Structures are given as C-alpha cells and as structure tokens.
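Quick one: the structure is below, questions incoming.
As written, the chains take the letters A, B, C and D, and residue 1 is the first residue of each chain.
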C-alpha cells in the first residue's frame, strides 16, 4: 500500500440536487384530468383499429401506431388485477405506509389503471375484487384527484356476478385483451 | 482506428418538429411522436417497416429517467428492439452513429434514431450543473455559458480573434435559419445588434449563445438493399468517428483548441479520402454552441489553420454562397433541443445530400459533413455522400 | 398549475435527489492536505511525468496508475476567466446563485492541467488573462474545495 | 450470425454494500486496467470503449464523463449505453459486427449506495400518470409478483426457494456480498417489504463494476485461450404503463428469446442450453423469466425450482453465480450475467463452475417490471 493511504479517511460529499420540473400534459392527458376534475368522469380513448380502450389515455396506439382521438367514458368501478401492501416508507409516496397499490381494470376499459387502494381490509384484499374510485373534494387536475380506489360493498347474492366480471374479447383485440382477467 | 463499415448504410429519411422555445401543446411522448411521424412520411414508410428504435436525451433536463421506456407508444418501439444511448451534447450524433452501426452490423435492415429535448420543462442551467463534477466543478460552474466564456476569452487572447468576427457567425446562422421551416430562432440581425446584446458572461453576449428549445428529430438508417427501394437519393454514410477526452475543463484547452474534433476529423477524412475539406465538402453542419465555437471548430476541422477561424469568417467562405456553406440550417445558434441538436446536424447534412433542403438547399451537394459536440469537449464526425 | 378553463395542464414536480458522493482516495488525500496544511497537491504520472490537478487515479495518456504527490504551491497564472452576470437557479441550493461572480482556470506551476475556481480582483473588471493569482484559504477549513475561497489577483 | 464476436476476458470488482473509499474513476480504472493486464493486452489493442451507466444513479448528467479517462477514452472512441448491461454488450457486439472496429473494452459501473434508490426509481415512471403515485421499482415488481402468483398459482414458498438456492450458490462466488446459507422459513419470515416481496426476496443495495473485452473472431482467437462466442442476441420492449400489459405475461422477453434462439439455431432451449444466468432482482423473476424464455410451460417455473432442476447440480443450473440476489448493482447486473455465463464457458468459474457447459444463456432487463428485455446466447469456443 502506498504510504499516503495510511490512516486516510474517506471523504463523502452530500448534495441535494433540487430542480423544479413543469411537464406539459398535452391535449389528450389534459382532457382526461379536466374531466375528472370538473365532472368526476373517467375517460378512456379507443383505438379505431385495435378497438382497445386505453386508460390512461394517450394520443398514439402503441400496438398499431394509429393516432387516437375517440373518447369513451369508462366506469369509475372496476376489477382489481393485482395489488401490493407497501410497508417501507419513501420520500416520494403520497400517503403514509402501509399503503396499498393496485392495478384496476375499469369497466369499459381494456387496460388497467395503476393507483392507490384504501379503506380496505388487508385480509380481504384479493385479485378480482370490485373497487370504485373515491374522488378528492378539491380537485386540481392530476392523478391524485382520484384519492384512491376502495372496495365496493356488495351483498352476498351479488358477489358471484361482480367478482367475476365478463371480459369482453374484442374482435382484433390486441395482446392482453383476450386474456382472462 | 475506425474503418468504414462492411455493409453500406444510408440515411433514407428525416423528420423534425418545428422547434420552439416552448411546446405546451404536446407532452414529451407526443413531441417525439411528431418527429417520428414526419420521418415516416418522409420515407413513405409505416412503423411496421422499422426493425428497431434508438433514442436519447439529457436525462436530468426533464427529470425523465427511462425515456426509451416511457416513449414506447409514441416512438413506435412496442415489441421492437429499443436502446437508449446518452452522451450529453453529443447524444444526437451518438444516436445517429448507433443507427449506422445497428444497420452495418447486418442484424437490422431499418433503424430509427430519435433525439429530443423539451428544455422548457426543466431548468437548463441546473441540468447542466448536474453534469459538472460534484466535488471539483459544481460550485463554480454556471451551465454551458460560463465554460464557453472562460475559454473564449483565452481564445481571443491567444489569437486576436475579435468579438466582431464572432458576431458575424450569429448573423450568418440566424439569417440562414430564415430559410429553414424547422428552426427556432430566425432573425435578420446586424453585427452591431449582436455586439450590443446583453452581456451574459464576458465575452459571451445573449446573441452569441444558442437558445434553449423544445424539439425532436428522427432519422431512418437503412441497409443498401432497403435504402435503394425507399429513397431515390439516399445519403450514404461514408465515415463515423467519435473522440472523447479528459474529464475536467481545466484539463483541456476548450474553445482555444478542440482537439477531439481535430483528431476525429483527421481520422474521418482518412476513411473518406478527404484531402482538402474546404474544397472536398459541399456543405457542413457544425455543432456550434456559441459564436466563438464555430470559428474555433473551423480550425479544428481543418478548414483553416490554427487561429485563422476569424479570418475565414471574414472571407465569407462559409456563407450560403461561399466555398463551403456552414450551417445552412441555422445551426445550433438557431435551434438547440440538446438531445436532438447533434442529430439535427446529421439530419440537415443528409437533407442537403438528398436534395430535400428547399429554400436552404445548397446546389449540387455530393459530400457533406456533420459534427456533434458535448460531454467533456467531445466530438463526433459523420461524413455523408451521394454515392455509396 | 391548472387554470380552470384552460385546456392544457401542467404537472409540476419539485424534484430533490440526494446523493452521497464518495470523493475517493485521491480527492480525500488532496482535501486532507488542503485542510490541514493549506497545500494544493497534484499527482504525477510515473511515465509521462504530467502532473494532474484535480488528482485522479490514472493518467489518461499512459493508462497507468498515478503515484507521486507534488506540492503545487498556492500561486498561479490566470489562463482564462469569465464574470457570470446572468441569473440562474442553483440546484445545489434550490435558489438563484448570487451574481456577479468571477471564475476561471488557474495554471499552477508544475501542473499539466488547470484548476477551475472562483477568481477575483479588487474589482471584477480588473481581471486579465495572464495575471498572477494567489489562493486565499478559508480560516475554518472543512476538507472540500471551498477551503480555497478563491484565487485573487496579486497585482493589478 | 455470419460474423462472430468473441468474449475474450472479464474482470469484476468485489460487489459491496458501500464502497465508501472508491470514486467512480477508481472503480472504473481498477476493472479496465485489470482486465487488460490479466489478458496480456494493452489499451492500444482496444479500438473502442463502451461504457454503461445511468445518470440518475451516478447523480451526474453524462455519467460517462466521470469515468472516461479511467476507462482509457482520452482521444479515443467511446459511447455509453444507458440501460441494463446486457444492452451494452449488444451494442458493443454490433459495433464490432459493423466492421468499423475489431475490439471493444466494455466497462459497466454503478454505486447504488450513493443515491436514494426509491427516489431514483420513482423517476422511471412518467410524470403525468404514474410518478405522482409514488411508485418505485420494488412496489411495482410486487404488483407483478402478485399478479403472476395469482394467475399461475405460484407460491411464496417457491419464490423463497429461488432465494435459498441463489444465496447459497453465491457462497461459491468470491464477488457478491450477500451470499448466505438460508432456509425457506428464514426467507419467508424475513421483513415484509411489499407483499409478496420480503427482504430476502429482493436484491440488496450494492456497489461495483465489471469490465469485459470483446473482439472480432480472429482477434478473439489470438487473444483468448478459450474465447466464448455470442451466438445469438436480441432485445425487445414491452408497453410502458403498468396496466397496459398483463404483468404476469412477458411478451418482450418471449419475443427477444425467440429472436435470439433463431439466431443461435436453437429450437428446444430446455435441451439445447446448459446453463442460465438471469436477472433475479426479485426471486419471483427467476421463475417468470424462465417461463418467458420457454424453459418450461407457463406456470411451471415454481416446479422447476422445487424439483431442483435449476440447482447447481440440476439439469439446468440457473444462476450458479448467486445471481443479483447475492448482490450485483443495477445496470452492472446484466453485464455480470453475461460475464458469469462466459466464465462458465471458459471453464474459469472457480468453485461455482458447472461441468460440461457448452451453451449458456444470459438475460437482462430494465424498465418497470421487466419492460425491456435482452437475451444473449453464448457458446463455447470451437
């Protein structure tokens, strides 16, 4: 070992890099959030070729590259495709831990929406359960205008039907759409 | 050390957004999509005809970590080969070179390259400070302007280059931009106006410096067989060379002598058989981040001897009607969406070779060169030709 | 920002990325000598004999490990400089950096490279290329580059 | 592939939780100089350098500026692939195949300990729809794990078995830091992070670098006693938004593997591939990726690990290196997969050597839930 290294203490420089970012949402994404903000309506966008209804909406179909502009209203209720209960806290989480994330396929949409789940009994969480959007009181035009999704209370008689929703297989539907929920 | 590729590769199409200081009407993916669609239209191709997509930007400028992933819908890379290559200011030329290598490897027939930046969405100077060494440079660094200013002062001191000579670059390039529908700054200026513009950091004034732009550029590289079917006059890639350098500004002479460009052009000229660049090229698109840089790059690229950049400017040789028009597009001084900027140089050189330059077309372009600049005073060079 | 009535929205994020940059052995040694002895050290390539400052593990020309430390003194020549006069957001603090300030590249005697630092004179307008400059050290040194406050012109 | 690219040599640092004394250039110089030295080569033999790093992890825009000199790029050709290391290997290989260069020094580095993993990983999500929800890599992979387990009946215990196997394999490998003897019970009872992912189902924060020398066929033969050939290599991207794809499916991996197999002339991967090094950032991924690459039917990944098929002495050893679970940094992890597969084929894998390996597969991925996938097929030199 070189002599100069003897007894040398490592120096560590701490820096916090702070930058404000301002992202333009563009017309399509803006419309999606404006509808939620002003009407509490969730919109999807349909591909004229694949017939897939995308939620969240975007202006190009990634699968066939068609421009998208056919808006469709989708339900504020849907089926939980998957979920997780997050136990570790991070500086970027919007709520204290433990918090629940899920991917929800809203009725009328062919893709899932990733969001928060709340007001749910951990033990009763399951893939396939019905959930509904809870909107924020003071909405500002972003994804947290939907506060979270919560389980839909259902009576025993209804359960069978609603936990196993029929998945419409659309003609010419793209990958993912044909699969079972 | 580099050689020409085994297989011939050509640029068959380009697409650019209309670059602006701000594009609030589109999000990042939509802006990328705009360039991609224009590029496909230019080639009369559909996304299905593309084998792979190579994309890049300056990650911290927009705080977007995985641009290649987010952009899948807009870039058309769904279930295709995709790659992200980022090298700072040279990102655009690194991507163009990647398009070349992809196709030259024989593994791909058609590859799209996409460079973009939406500078209005972040803080450009802050983003540039991110690229300074955290221990040695960040406290003093003031974005790009400071580094150019500190070494431009040394460049003037060493060779007697004047602020007037530099100002002529701003006048020339922004006037050229009047002919380019995609350019961001299109101005009919006088030398006086440039000299009197606001001092940013001596000797750099507002009009000596490139703008910050929102924009994207896409190109399609194709194999010989495909290129001939797609495009009547493709721009063949004859040489591509990259040179990187030591990490600190203080290690280098910066604007005084861009040795990476000197080394890269020497090798590229050897590959392409260029003896006298001023005569052998019909047009050049140089990545000139500030006015002083264009003068210095003339020297490094061998258009003139060391310290003679100012004189070459005075001679008028690099004007639209000169011996070697430099930056008919308006250059970086007119448009600077960083991740796209170096690709725009290559695209504009290709446009000239393909004869698609419209009002900015230089007559009878057979051979063109384009350069990229960035990183730690790094350079890329590409040479394009009408014949393979 | 989402003005009601407007059809184009913005998503705003105030990003804060914390980092713990390891200076490494070479910089740690440099800052130790700077802090303890007010010395500016370079490191020499055993083959080409170039002396690098900032110090670094390898010579980029010979691709061998640098090994011998060299005291570069605290005086040098101003190679190039600028006075920053435009306002900008400093990501290190999250607010605008105070302007104007001078910074430049100092040629320390015996070094093959230049050190980038703040430069000043009695008046920033009096800075000239080729001036002799001297390092002004911080009283309470912390073991980083700001232990050199700036390089000041020795004669004007 | 008409022309062949060979892997000539490998050098790795030790992978440690916090290399507090190492700056990036020190780490990069260590691997660059050693890989040349150990293979009797000089920097001049390298026509180009490919670096592989991520600006967000390094906390520096243009992260290759930090290491350029230490990788030998002064006045030389260098470029940087800002993705998983397998993609960097792919790019290096295609630059050699282009005929423009004969050789390449590839240097991949990352120090996860210097940044904030969750903040950095949150930035991989788009700022319009997903970032604001606070997602990171771990929480979204948990969504994928849950979906996969639900759809195909994979159990947490089967996933735990992957950790048990890989952490144990890692004990034979001198480089990773978290290799250990653990039981299924210990994995199952380790701290819950985001169910079903527990601490020992997830890879640890790690620092390190890996260098590799690649060369065109004639140079590779000259330089290496046992060159390893890239017989097939391909990558594919899946859709981005988490709900766009069924997370239990791996279309991009399936497509990348298909292309790579086709290039290598493989029709039955289970029979024709002797060893796999795959990117097991999380234990469930080993099973999901094995299925995606066609080593078993969908939903049968769990059974493979249960039956010991993927053990060191099994029919198809998977991650004899100990995998990423034993400790490899993100980005570098993919280069390590290729490196470890190559070491096996060179018969230089020391205590973790598997006998009779003639053909191996390395897989890497990046992006949310394995969105971008790259598959590399390597063959023993003939």
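The working rule: a contact is a pair of C-beta atoms (placed from the backbone, for glycine too) under 8 Å apart; a residue touches a chain by one contact, two chains touch by 3 or more.
Computed from a predicted structure; not experimentally measured.
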Neighbouring chains shared between chain C and chain D, ordered by label: A, B
Best-connected chain pair, where connection means C-beta pairs in contact: B-D
Between chain B and chain C, centroid-to-centroid distance (C-alpha), Å: 29
Geometric centre distance via CA averages, chain D-chain B, whole Å: 33
Chain A and chain C, separation of their C-alpha mean positions in angstrom: 45
Geometric centre distance via CA averages, chain B-chain A, whole Å: 38
Residue numbers of chain D (touch at least two other chains): 20-21, 25, 56, 59, 68-69, 73-74, 116, 119-120, 123, 127-128, 131-132, 239-240, 251
Residue numbers of chain C (touch at least two other chains): 8, 10-11, 13, 15-25, 27-28, 56, 60, 89, 91-92, 144
Residue numbers of chain B (touch at least two other chains): 24-25, 27, 29, 60, 63, 72-73, 78, 123, 126-127, 130, 133-135, 138, 246-247
Category of the chain touch graph - line, ring, star, complete, other: complete
Interface residues, chain D side, partner chain B - complex: 1-3, 25, 47-49, 54-56, 59-62, 64-66, 68-69, 73-83, 87, 90-91, 93-95, 97-101, 120, 123-124, 126-128, 234-240, 251-252, 255, 366-368, 371-372
Chain D to chain A touching residues, read off their complex: 20-21, 59, 116, 118-119, 122, 127-136, 138-140, 142-147, 150, 191-197, 239-247, 249, 251
Touching residues (chain side chain B, partner chain D) in the complex: 1-7, 27, 29, 56, 58-61, 63-66, 68-73, 77-88, 94, 97-98, 100-102, 104-107, 127-128, 130-131, 133-134, 240-247, 259-260, 263, 374-376
Interface residues, chain C side, partner chain A - complex: 1-2, 4, 7-25, 27-29, 31-32, 67, 69, 89, 91-94, 143-144
Residues of chain A that touch chain D when the two form their complex: 10, 12, 15, 17, 21, 23, 25, 29, 54-56, 62-63, 81-88, 90-95, 99, 101-105, 111-116, 127, 142-144, 175-176, 179
